[in-house]
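What follows is a set of notes on a single structure, which appears directly below.
A, B and C are the chain letters, set down in written order, and residue numbers restart from 1 in every chain.
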Amino acid sequence: MKRLSMGIVALAACVAMQAAVADKKYGPGVTDTEIKLGQTMPYSGPASAYGAIGKAEIAYFQMINDQGGVNGRKINLISLDDAYSPPRTVEQVRKLVEEDQVLALFQNLGTPSNSAVHKYLNAKKVPHLFIATGATKWGDPANFPWTIGFQPSYQVEAQIYAKYILKNKPGSKIAVLYQNDDYGKDYLKGLKDGLGDKTGMIVAEASYEVTDPTVDSQIVTLQGSGADVMFTIATPKFAAQSIRKVYDIGWKPLHLVNNVASSVGAVMTPAGLDKSTGLITALYMKDPVDPQWDKDAGMQRWHAFMKKYMPDANTSDFNYVYGYGAAQLMVMVLKACGDDLSRENLMKQAANVRDVTLDVSLPGIKYNTGPSDYFLVEQLQLARFDGKRWVLFGDVIGK
Amino acid sequence: MLGLLVLLAAAVALPFVVSNYRVFQFNMVLVYAIVLLGLNMLTGYNGQISLGHGAFYAIGAYAAAILMDHFGWPYWATPPVAGALCFVFGFLFGLPALRLSGHYLALATFALAVAMPQILKYKRIEQWTGGVQGIVIVKPDAPFGWKLTPDQWLYLFTLAILVIMFVLGWNLLRGRVGRAITAIRDHPMAAQAMGVNLALYKSLTFGVSALYTGVAGALGAVVVQFVAPDSFTAGLSINFLIGIVIGGVASISGAVYGALFIQFVPNFADQLSKAAPWAIYGIFLLAFVYLMPTGVAGFVRLAWRRMRGAKGREEAIVPRGADS
Amino acid sequence: MEAFLHQVLSGLATGGIYASLALALVMIYQSTNHINFAQGEMAMFSTYLAWNMINAGLPYWWAFLLTVTISFAAGVVIERVIIRPVENAPVLSVITVFIALLVIFNSVAGWIYSYTIKTFPSPFPEQPLFGNRFISSHELGTIGVTLAVLVALYAFFRFTPLGLAMRAAAQNATSSRLVGIRVGWMLALGWGLAAAVGAIAGMLIAPIVYLEPNMMSGVLLYAFAAALVGGIDNPFGAVLGGFLVGVLENVVGAYVVGTELKLTVALVLIVGVLLVKPTGLFGRVFVTRV
């Protein structure tokens, strides 16, 4: 009898406990008051200019925490330096997952860095969210269901440029300058795919290494090919050099630059605003220097955020807009989880983003994911630089 | 001898007392220790400055990755092949390097290290190397169904290889060959006059040094489970040089101290300062060089000798810096 | 033909950059028998100081002069405080100290100034000479200033007693002390001069490659190669080496292997030159005695 009653009490206790816990499910790194997220960023080394993104995200979460956090929980973003070196990324990610026990990885930056931990994170079922690289291979839910990218894929963007060239300058000769790594080559592939059977239009390709002091020699070679369309796929410093050199040698091609190299503060101004006139790019977020967004509510919030939480930062640096946008999306996803902050639910919410607009995204551009579509943003809009700012033209392209 | 056994026992016990993440870190320490022993042979004992060992490490790593990924080789068969391949490359590099010394040799080796990432990205060999995307490697499980995590097993595997290579190296450096090598460093002309074949020994040392580094590279690739050109920049070679200086030039135990330094001090510096961690690292470097001019190994030896009084045994070979 | 000429001229322009930093490296070698790996980062830091001054409103030439002076003083201080403890240490320890300096300067610059690129003004006119499209006035100016500094340094070392004392101190410290030369201060002076030359190089390079903490990392390798190819103890050789490396790099990239192997082939050729002439094209050949 005693054993039976003990058993009933035990059973009742279990049921009661289940009922109490049923509303709250916590994955690792979550308590009633805190959510731990982790990321690796290149705060040192050749890609250190992107460290600004990590700083912006830390500041944004600070702002959210000051406003009460997400559903009452403060976000703790542990941001570690991996110096853009894959072995170090592996080490830091293992630390975040195994020692710091974070709930998820957020906005890890760099294609090789993310490649190094791709399999590990998916094997360990850790959400690998909104990673800061546009490489196309991240949108693969069938094989890697725990990894989702963030920005429009490089290939999609390059295909938009290809279509633009085919429409506005058919039969032209194209020259390409690209960074000799995953990033540059992904764009180049996209361009070639977009040109379809007209890849013969590309008459010259020149690559550069991030350790090269200048790209002047490459520009001279490209001019020598007789091309009248130029596509610069570069990071800010080299894009600025390219734009300036193209102007200085008196070459006047239709000059396209990729999105990463379109920051007015970090590229156009150093290159020379007058030398940048006529450039074409594709955008999906608002440029902080563009006066047309002065009255825009979203950008006003961004400016207020920068003033209060990053007062010493250079507000013409697009990295701060990008980081803000990614962090805002993350907060939305976390909010949608409610009290079920298990890794499974977080992944589910991240894979079910519907028609989200961010403070900093261009009007008409929506963020969407689905269980079989892990490409968050597939839309961009073309813009032309008029000597002061990027002037949008045409419609938003993409799905 | 007893001390060494105690150390070995501690090393074997380590993976069972610390977390998997730490085991991974210590595994890298073992890998770096093998590299540093190789580099020490060339630069410390033989006086040929190499700023390019990262290149041999990369060759070893890629050899392992390609064998495992393209040809399905098991991981344990890759270190010997990586070592042999690097021996050949090292020897071949050492031949023309005979004409260079000091700063000029440093530049030539540094040029090799700097060019390595670009070579690895070259499109003609892309189908083997994976180009800019690199190659992902699967971590092996413990064999025979032993109850070890992959991290623990790999650590013990690396430890076993390290012990073998250290014993071999110690034997080599202690005997005739070692004496010939250091004689070449200290007084090449006298050594030659005494009958030491300068060209042969110098090139062989280059080869053996590269062999050690290649084996370590292969092991490192399996531990990290990923190889890409960005993993093997010139900074890696500089890191190895720092390792042997801090650990102790021309010393075998120095390899372990140096490996501990280059693995853990950057992390430590990161914890001390988020704003400028590498500045803290630089200050650590300066501190170590000022306070322990003969490296940690030299410092330990001095302290040991002082503790044991004047009866401490002298080393047969007194370590000195490489020629300028 | 025009394209080839363009590449050569562009190569001379880039070569001017390498030559200016190579001069600083030769400078420090002639006075201390060491190659300072941190030279590039020190030059970069000096340029940031100048940028600070110009941003604060100081006219260019005042900022230039002030920066060169401060860099000189800083070089002296660094030698006395940081290098002195390892003056007699093995060369590897000295190299480690240089690497430590490199890392410290780079990290502190990144911390203070962030990693976004900044523009640095050029004292030369914006308009290219004779309206040519091949080489900008600034690039020509860089070559000109480098040559001027070269001649000044050569004259200093060759014709002044102080220069002679410095060379003696570097080559034979013991004998120099015996004739009354304050070796320690000669070394410090050497560092100061090298830092000053480096600052000039930095201020010439920044307008071309844009100012950021990592701006010198690519240049340093080529400057190193240039200095060695020309003969590490010969300032003329270093400058010539710089131009040679610049043109070689451009021509190889444009006509021989394409840009994907440009760096590799350039380095192979440089090493090749060293194999033929192991002490550089114009370096002194050392005959060692038993």
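Basically, contacts are C-beta pairs under 8 Å (C-beta built on N, C-alpha and C of every residue); 3 or more make two chains touch, one makes a residue touch a chain.
Note that the coordinates shown come from a computational prediction; the quantities given were computed from them, not determined experimentally.
Placing every chain at the mean of its C-alpha atoms, the farthest one from subunit C is found to be A.
Here the chain pair with the top count of touching C-beta pairs is B-C.
Each chain gets a centre from the mean of its Cα atoms; for subunit A and subunit B, those two points are 37 Å apart. Chain centres here are Cα means. That of subunit B falls 31 Å from that of subunit C. Touching of two or more other chains is recorded for residues 44, 180, 209, 211 of subunit A.
Of all residues in subunit B, those touching 2 or more other chains are 114, 118, 121, 277-278, listed in ascending order.
For subunit C, residues touching at least two other chains, in rising order: 107, 110, 221, 260, 263.
Contact residues on subunit B toward subunit A in their complex (touch as defined above): 19-21, 24-25, 28, 114, 117-118, 121, 131-134, 136, 220, 224-226, 228-231, 233, 235, 270, 277-278.
Note for the complex: subunit C touches subunit B at residues 33, 35, 82, 85-86, 89-93, 95-97, 99-104, 106-108, 110-111, 221, 224-225, 228, 232, 260-261, 263-264, 267-268, 270-271, 274-275, 278-280, 288, 290. Interface of subunit B with subunit C (complex): residues 43, 49, 96, 99-104, 107-108, 110-112, 114-115, 118-119, 121-123, 189-190, 193, 234, 238, 241-242, 244-246, 249, 275-279, 281-283, 285-286, 289-290, 293, 320-324.
Against subunit A, the residues of subunit C that register as touching in their complex are 3, 6-7, 10-11, 13-14, 17, 107, 110, 114-119, 128, 133-134, 136, 205, 208-210, 212-215, 217-219, 221-222, 249-250, 253-254, 258-260, 262-263. In the complex of the two chains, the subunit A residues touching subunit C come out as 44, 46, 48-49, 51-52, 180, 206-209, 211-214, 216-218, 220-221, 224, 236-237, 240-241, 248-250, 265-266, 269-270, 313-314, 317.
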